[in-house]
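Both complexes below contain chain A, partnered by chain B and then by chain C.
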Partner chain A sequence: MNAAPEIVVEGGASIDGVPLFAPLSLVLRAGEWTCLLGGSGVGKSTVLRLIAGLQTGATFDGAIRASDDQPVVPRVAYMAQDDLLLPWADVARNVTLGARLRGEKPDAGRLTRLLGRVGLADHAHKKPAELSGGQRQRAALARTLMEDKQIILLDEPFSALDARTRADMQELAVELLQGRTVLLVTHDPGEAARLGQTIAVMSHRSLDHCAVPASPAPRRVDDIEMLEAQGALLRLLRERAA
Partner chain B sequence: MRFGAPLAAAVFAILLWQVVVVFTALPRFILPGPLLVAETWWANRAVIAENTLVTGLEVLIGLVVGSALGAATAIQLASSRTARVLVQPMLVFTQALPVFALAPILTLWFGYGLGSKVAMAVLIIYFPVTSSFFDGLMRTPEGYLDLARTMQASRRAILWQIRVPAALPSLASGLRLAAVYAPIGAVIGEWVGSSRGLGYLMLLANGRAKTDLMFAAMLTLGVLSVLLHLVVRKLTARMAGEAR
Partner chain C sequence: MMLILAAMLLWAFGWWLNLRLAEGSYAHTRAIQVTVPLIFGLTILVVWELLVRGLQVPLVILPPPTMIAGRFASSTSILWADFVQTFVKGALSGYVMGCCAAFVMAIAVDRSTFLRMGLLPVGNFVAALPIVGTAPILVMWFGFDWQSKAAVVVVMVFFPMLVNTVAGLRETTAMQRDLMETYAASYWQSFFKLRLPAAMPFIFNGLKISTTLALIGAIVAEFFGSPTVGMGFRISTSVGQLALDMVWAEIVVAALAGTLFYGAVAMIEKVVTFWHPSQRG
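Take a look at the complex of A and B:
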């Protein structure tokens, strides 16, 4: 994998002439985690979908560029809150979905390695319905990694998990996505404070870059600085929503 | 599936039928009782079996051809906007036509034998199969499509590897409907012109006031349809279950 690029999003979006978010400038630093925090409906998923080249229903007036001037969309891997595992395919076939869709031969060695790293080595031939919520999300993470893309777009991938599983998944994701440019869209200040190397709070009117705890991510769940940052983020979220 | 309760209901209905016949003392050519029908069925078992085979073959061929045509149409419609704009209104329009009215002309086109009956069965099941499969193809969960697009999948790959498998439960429900409709189609074809088949036998028995034989043939057709429905259900169970 080549070095992951920096991504710059500049512009505003509107739906049928009604502004969704005011012109903003968001920088996803190369090889780092950027957390985009905001309430429901402020357009944070729209930002992510614009980077992914997906339909948004909004009109975007602006530009999305990579620091190396190469196209962004083909270098993106996407993971959502819904694990999006195909129910008729087993874990191995789900993880290799990208290659199969492109008519390529999946890399069997890489598949085995990745399944091992997400702890699903013994579940390769199970259907998604046979897995727990945490296992399903780990399968989705393996599928995202299997794509081996430089830019990883995470749309609240952990928000449907219980607290313990969520904390485990956060740590696993940081470990496995090292060196890639990651955008994590979340509505959870705790998650942003734990994982972000850059944290931005988004509202309809503004995008605020916030102070980031000094310790490296993933921060301990009882890290004082992290908890303070979480509190500050929640306060800002509430102010911006008022 | 449990058969206990439906079986009990059937036994009750037959008993009620027998009671009505005994108490009203209707002539047997108006309403024969279940016992008489059973006797007639047994006495004519060779004739009934022969004609059941004929109808069964028409139904099977009709089912296979109609399902294949319906599935192919649905895929074509789902993959091409032009096809949708051109064909969909016409498809709905043809459903407003009473297809039975076409039966005589089908006999003219496809002959007095198997062909016209198969054609009738195909006509009757084509729309339900097309329509339910098509609906399924157009209702693929958006998330799957988003994911596939970020994986740089072609439209063709998305159709065959995501949309079609995700729509198999809908196709399965279309096929189950088709299994019930196809025998009706074949019998309509036989009514209009034939010398074999359960529909022909029913018409013949009716004409000679052999109402008991007519009932025996009709019930045989009912059993045939139910069996066919159960077989198709069994065959499509995997299809329907996996893509939840």
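Take a look at the complex of A and C:
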């Protein structure tokens, strides 16, 4: 894999002439985690979908560029809150979905290695309905990694999990996504404070870059600095919403 | 009088037995689940027999089951010819044509907003046309043989199949389609790998509804003209000859054919949509 690029998003978006978010400048630093934090409906998912080249229903006025001037969209992998696993296919077939769609033979060695790393080696031939919520989300993470893309877009991927599973998944994701340019869209200040190497709080009017705890991500769940950052982020979030 | 009393007693016994079985500790075993409806059906048949004989009900009102069975056994060659004419040639071919046409149309409707807005209301209108009105016209168009019956069946099954398939193809969520898009999947790749499998429970709903409609359509269409063979033809002429036992024998054939047809489609459904919550347990 080539070195992951830096991504710059510059511009504003509107829906039928009504501004969704004011012109902003968001930099996803190469090979790092950027957390985009905001309340519901401020357009943070729209930013992610614009980077992924998906339909948004909004008009975007601006540009999305990679530092190496290569196109962004083909290098993107996407993971959402819903695991989006196909209920009729087992874990292995779900994880290799991309290759099967292109009519290629999936890389069996890579599949085994990835399933091992997400802890699903024994579940390769189970259907999604036989897995727990955390296991399903780990299968979705393996599917995201199977594609070996440089840019990973995560749209609240851990919000539906219980607290313990969420903390486990956060650590696993940081470990497995090392070296890739990651955008994590979340509404959870705690998650942003734990994982972000850059943290931006988004509102309709502005995008504020916030102080990031000094310790490396993923920070311990009881890290004092992290908890302070979490508090500061929540305060900012509430001020911006007011 | 004795026969009526026997019927009452048998009814009570059958009831008591089934209550015991259905509420007993083996109620969930496969054997009991098969036995209970079997006892129920047998009780009805025997009570029917006893009551018809005991009350001396005229043949034209209701023949006893043994007489229907006797007629069935002695006319198997006629019944078989009628079955082939009406079910295999009329209903089955019309079913296959109608369902395939509706499926192809559903894909067209799915791909084009214009067709969705234009065709669905027309399909709705066609489905609302009464079969007894359209059948004679289709018989005029396509002749007395099975082709006109197949045409009636096509008209009957087309709309339920179309509506179900279109609804099924919309079953995938926007997020699932987004995921497909990030894999740069084309329309047909995403169709075969995601949307068609997701639509299968809906498609099979349409297919199951259509099985019964197909048989009704093929039989009723024969009332408006047919060669001298066919279940609908036999029923209408036998009524004229007051041969009600023959009418009942045809009804038995129709019931058996319809049930087996439905069962076969339901069995294929179970295999294809094993993953769907409705198939669990």
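Operating definition for what follows: the second predicted complex is superposed on the first by the 242 of 242 C-alpha atoms of A that agree within 3 Å, B and C clash if a C-alpha of one lies under 4 Å from a C-alpha of the other, contacts with A are read in each partner's own complex, and residues count from 1 in each chain.
The rule is short, and it goes like this: a contact is a pair of C-beta atoms (placed from the backbone, for glycine too) under 8 Å apart; a residue touches a chain by one contact, two chains touch by 3 or more.
Every value quoted in this text rests on a predicted model; they were computed, and no experiment measured them.
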item	value
Fit or clash between chain C and chain B when superposed on chain A	clash
Chain B versus chain C as contact partner of A:I15, first or second or both or neither	neither
First, second, both or neither for A:L86, with chain B first and chain C second	both
Touched partner set for A:G98, first chain B, second chain C, both or neither	both
Contacts of A:A211 with chain B and chain C, given as first, second, both or neither	neither
Shared chain A contacts, counted only where both chain B and chain C touch the same residue	49, 52-54, 74, 76-78, 80, 82, 84, 86-88, 97-98, 100-102, 127, 129, 147
Chain A-touching residues of chain B, taken from the complex the two chains share	141, 143-144, 146-154, 157-158, 161-162, 165-166, 168, 242-244
Chain C to chain A touching residues, read off their complex	173, 175-176, 178-185, 189-190, 193-194, 197, 273-276
Chain C contact footprint on chain A (complex, rising order)	49, 52-54, 74, 76-78, 80, 82, 84, 86-88, 97-98, 100-102, 127, 129, 147
Interfacial residue positions of chain A with respect to chain B in the complex	49, 52-54, 73-74, 76-78, 80, 82, 84, 86-88, 97-98, 100-103, 127, 129, 147, 153
